[in-house]
């Protein structure tokens, strides 16, 4: 007979990825303010331990702006509690996450209307008058 | 304030611009060809390799710490005086001839064969600059008894006829006449009678049956004859049934010091036979360091079985007699320091005996810094005192001893070894030193309580 | 077969044979020489306890020699303790031993092992510098001293390179590390490194001989 | 030879917006392990890339690799890549069979001579050609024939890359890897048992996007994914340095997520992207799930010692041989001592 053992909750998230990442974000903000150069960090390239990503997300928090994009599945683009730091999450049609990024910029490029789409839209609008 | 560097003598008399390095003398006995000498040395090195020596010779790390324990190296900074280097040829022969990998050493020529030049050079290292004091054996982190190896290496040197002349002649005289100073039984008897008269003491001679056989060293008989009387006074006071014997009186063993195993055995057997003949229960050795090593620790091995009697150094006898109340001494109101003879204390294990005696004398005892087992040697042990060409080196080394003694600021200096005493006397003369070496035994004899016997 | 498999397999295997055979060869070759019989009456009985006593006490310096030997002794301590920790308390090494001993023991955190390893290397270098500059050591040193130094330090250095990497691949450095250990094991019984087992024989012998006389050990 | 449409054209035809395309490019950069700064270049390259032809050959394999790849097939971003390639032959996935299938293969080879990619999963038996055949053609013959006009060969999975399980000791079929047979064409190894789906698609994407082969390591693996060890990218690495190890699979350490070195983890010598790319759409990877890395993307991983045997375990034979060595040591020692003693006896006699 086995005795029920007390579950040792892993001491999450203590794998050491969050702090250096936040430090990098801070430097990216400096760079943005001083030289106007944006930075994108691909979160998929970092070896997060269990719970670490959630910890990062919670630390960054939610800011004033949040957007939802519908193109090849949904994407969520939201500013974190730290202005200039954006959290991007791309999902595919199956609602599986295919990419997570931190963008340190004034406005993420993907929020802007794209010339190619404007041209296509303009053409469609023109069709209305034919 | 300037101080004189202790390592280098302040020498105002040296001739200017005329410095010549001293010529190193290589003494040779006999007219053997070099090849034969090499052969003999190797043969007689090889005979010494047993489990114990083999592990020692195989275990050396070449850490060089023994150099820091050796007075010859400490005083000269000459790396050749590193104790383990002194047995380099012995070690090399072991590795080439007997060690577990000897085959490879020979096959691949990893260890050079010993040459005659090597042997000549090592004569200086094995004799002139080693007193077999064994201080190096105590510093060795591997616990190698280097001094013991030097003694064994001398066996090969002797057979090769490569012993310093004076030491060789002393040993030869000793083997031929029974005494290194040529003291015949008749002369000994004469001296004993003289001392009996002079000091008005009864001295039994050639008694057929006695419990105690007392023996003397030639140095004492010749140079410090009062020791004979002192010995007699003490043994008489203790009420011993004792005697001197003309067929076994010489305690020194120059066979051992020079490296001749046969002569060593011959000298020891004389004493053993005499003691056995009179049915002695105890053989009391005089104030002589190497005699203690030769008979107390090596005697039974010469005899080939345990000795049927006890062997005691006189300091051990005195300690025993005083501790058991067989004799009593008056208190001496002086400060005193004691020089430990290496072979009795460090290597013989009788360090405590002299201190017991000193305690009974009630003096203000001033132990030298690192006295006792770590004592600096007088510089004259191991036969070095006989080698004239080694005198400058020996005097240089004696500085350490002088410093050690002077630091105690004691009134009196005594030891329990006539060889040390002789070495001290010589150096005292050389340096015009204030301290005169005395004898612990004589001090006891002079201060015996009356009406004891 | 890649280098690591070769190192961990046949190379280590052959090294183990040579290590075991050589060590026993050396010990037996010494022990079976004629024995010295001592008939003198002992002052004290001195058996195994005396041997053990000196095996222990000679690990420390007697006070008269402390000042003169302080520097090399300290270096030797750091070198030896570092080596001991690195060899026997590094977890991957413990796993190596467990592989054929069948049991393990607690180790130290790797960070501490790296530190001790570096200390041991530094001490070894200082000892080598001493050997190359001290007149005494220059005179008495031979090939064995330098080669033994080399084969001892090599595994330490290659082992410490594994976490540092320096652009090299883990399995390649690991293979070189194992091969350096192979070299060490092959040389071990034949040169001065044999002191690791001879120290018990020499100290023990001296302990018994001198304790018997009641003399200072 | 007809002109294949560019990827840009294909996406446009599917009605994908520019925003969608940017998202696709960002994901591609991520897959290729390229820094986000490269996205504009990727966008430019993808727009103009032409749809390549791919022939997939399956030899001695378990279909695990195909399974792994198709886990991420349907309309996902990676799926789009497969829309962008023309998979002209894959006998597991294609509808055609028999002569029809072989005809498709030959057609693709002729049409795209010198430009098509050959993907291989499974090892090739050399012991007897009959061990594995497709449409009566032995694996080795089919490989040689197909590869002759290929631009490059991609060996998918450890069997194709290194021989894998069929090639493990005692290798009854005489299995060899693609590399062993193809020496005159570029061979890219994408080992793993199975490989990470994203890594497979990435290699194809790389070829598709930039029209060139990736930089490879000494085992022919793309450095972008096999450039670092599992150990170096493992989130449990700090525990290794701190000396915190799981001793068994159910102890405190295992529950606390400590290092699995003692349980046989081959992470230190295994080069793969599991620790970052992860599996099942980035959910987890073996170590995160509490199991040591088996080292499946390394050559000979099957013969490289027990899965649960710590990496530092030496590979010794039985103790009997060691005892033999000890015996030899005793004999040599006795002989050496006897030689020494006899020399002493001789010298004693000679004096």
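Letters are used for the chains, namely A, B, C and D, taken in the order the chains are written, and counting of residues starts over at 1 for each.
We adopt the following convention: a residue touches a chain if its C-beta (ideal position, glycine included) is under 8 Å from a C-beta of that chain, and two chains touch if they have at least 3 such contacts.
Everything numeric in this text was worked out from a predicted model, so none of it was measured.
Asks: Going by the contact rule set out at the top, which chains touch both subunit A and subunit D?
Replies: Where subunit A and subunit D might share a partner, there is none at all.
Asks: Considering only chains that satisfy the touch condition with subunit B, which of them also satisfy it with subunit C?
Replies: Touching subunit B as well as subunit C, we find D.
Asks: By C-alpha centroids, what is the most central chain here?
Replies: C
Asks: Let me spell it out: compute each chain's centre from its C-alpha atoms, then which one is farthest from subunit A's centre?
Replies: B
Asks: Ranked by contacting C-beta pairs, which pair of chains comes out on top?
Replies: B-C
Asks: Subunit A to subunit B: how many Å between their CA centres?
Replies: 90
Asks: Please work out the Cα centroid separation of subunit C and subunit D, and write it as a whole number of Å.
Replies: 42
Asks: Just give me the whole-number Å value for how far the CA centre of subunit B lies from that of subunit D.
Replies: About 79 Å separates the centre of subunit B from that of subunit D.
Asks: Express in whole angstrom the distance between the two chain centres, defined as the mean CA positions of subunit A and subunit C.
Replies: So the centre of subunit A lies 56 Å away from the centre of subunit C.
Asks: Got the subunit D residues that touch at least 2 other chains?
Replies: 332-333, 336-337, 340, 344
Asks: Multi-chain contacts in subunit C: which residues touch at least two other chains?
Replies: Counting only residues that touch two or more other chains, subunit C contributes 25-26, 28-34.
Asks: Hunt down the residues of subunit A that sit against at least two other chains at once, touch-wise.
Replies: There are none in subunit A.
Asks: Looking only at which chains touch which, which shape fits best: line, ring, star, complete or other?
Replies: The chain contacts form none of line, ring, star or complete graph.
Asks: Run through the chains and report each pair that touches.
Replies: In this structure, the chains touch in these pairs: A-D, B-C, B-D, C-D.
Asks: Mind pulling up the subunit C residues that touch subunit B in the complex?
Replies: By the definition above, subunit C touches subunit B via 25-26, 28-41, 43, 54, 58-59, 61-65, 68-69, 72-73, 76, 134-142, 144-145, 190, 192, 194-195, 198-199, 201-207, 209-210, 213-217.
Asks: Show me the residue ranges of subunit B that touch subunit D in the complex, using the header's touch definition.
Replies: 42-44, 46-47, 49, 97-103
Asks: Tell me, which parts of subunit C touch subunit D in their complex?
Replies: 1-2, 4-5, 8-9, 12-13, 16-18, 20-34, 91-93, 95-96, 98-100, 107-112, 169-171, 174
Asks: Hey, which residues of subunit D end up touching subunit A in the complex?
Replies: Interface residues on subunit D, with respect to subunit A: 16-20, 22-24, 26-27, 29-30, 33, 35-37, 39, 74-77, 80, 233-236, 238, 252, 255-257, 275-277, 281-282, 288.
Asks: What part of subunit D is in contact with subunit B in the complex they form?
Replies: Going by the criterion above, the answer is residues 332-333, 336-337, 339-340, 343-344, 347-348, 350-351.
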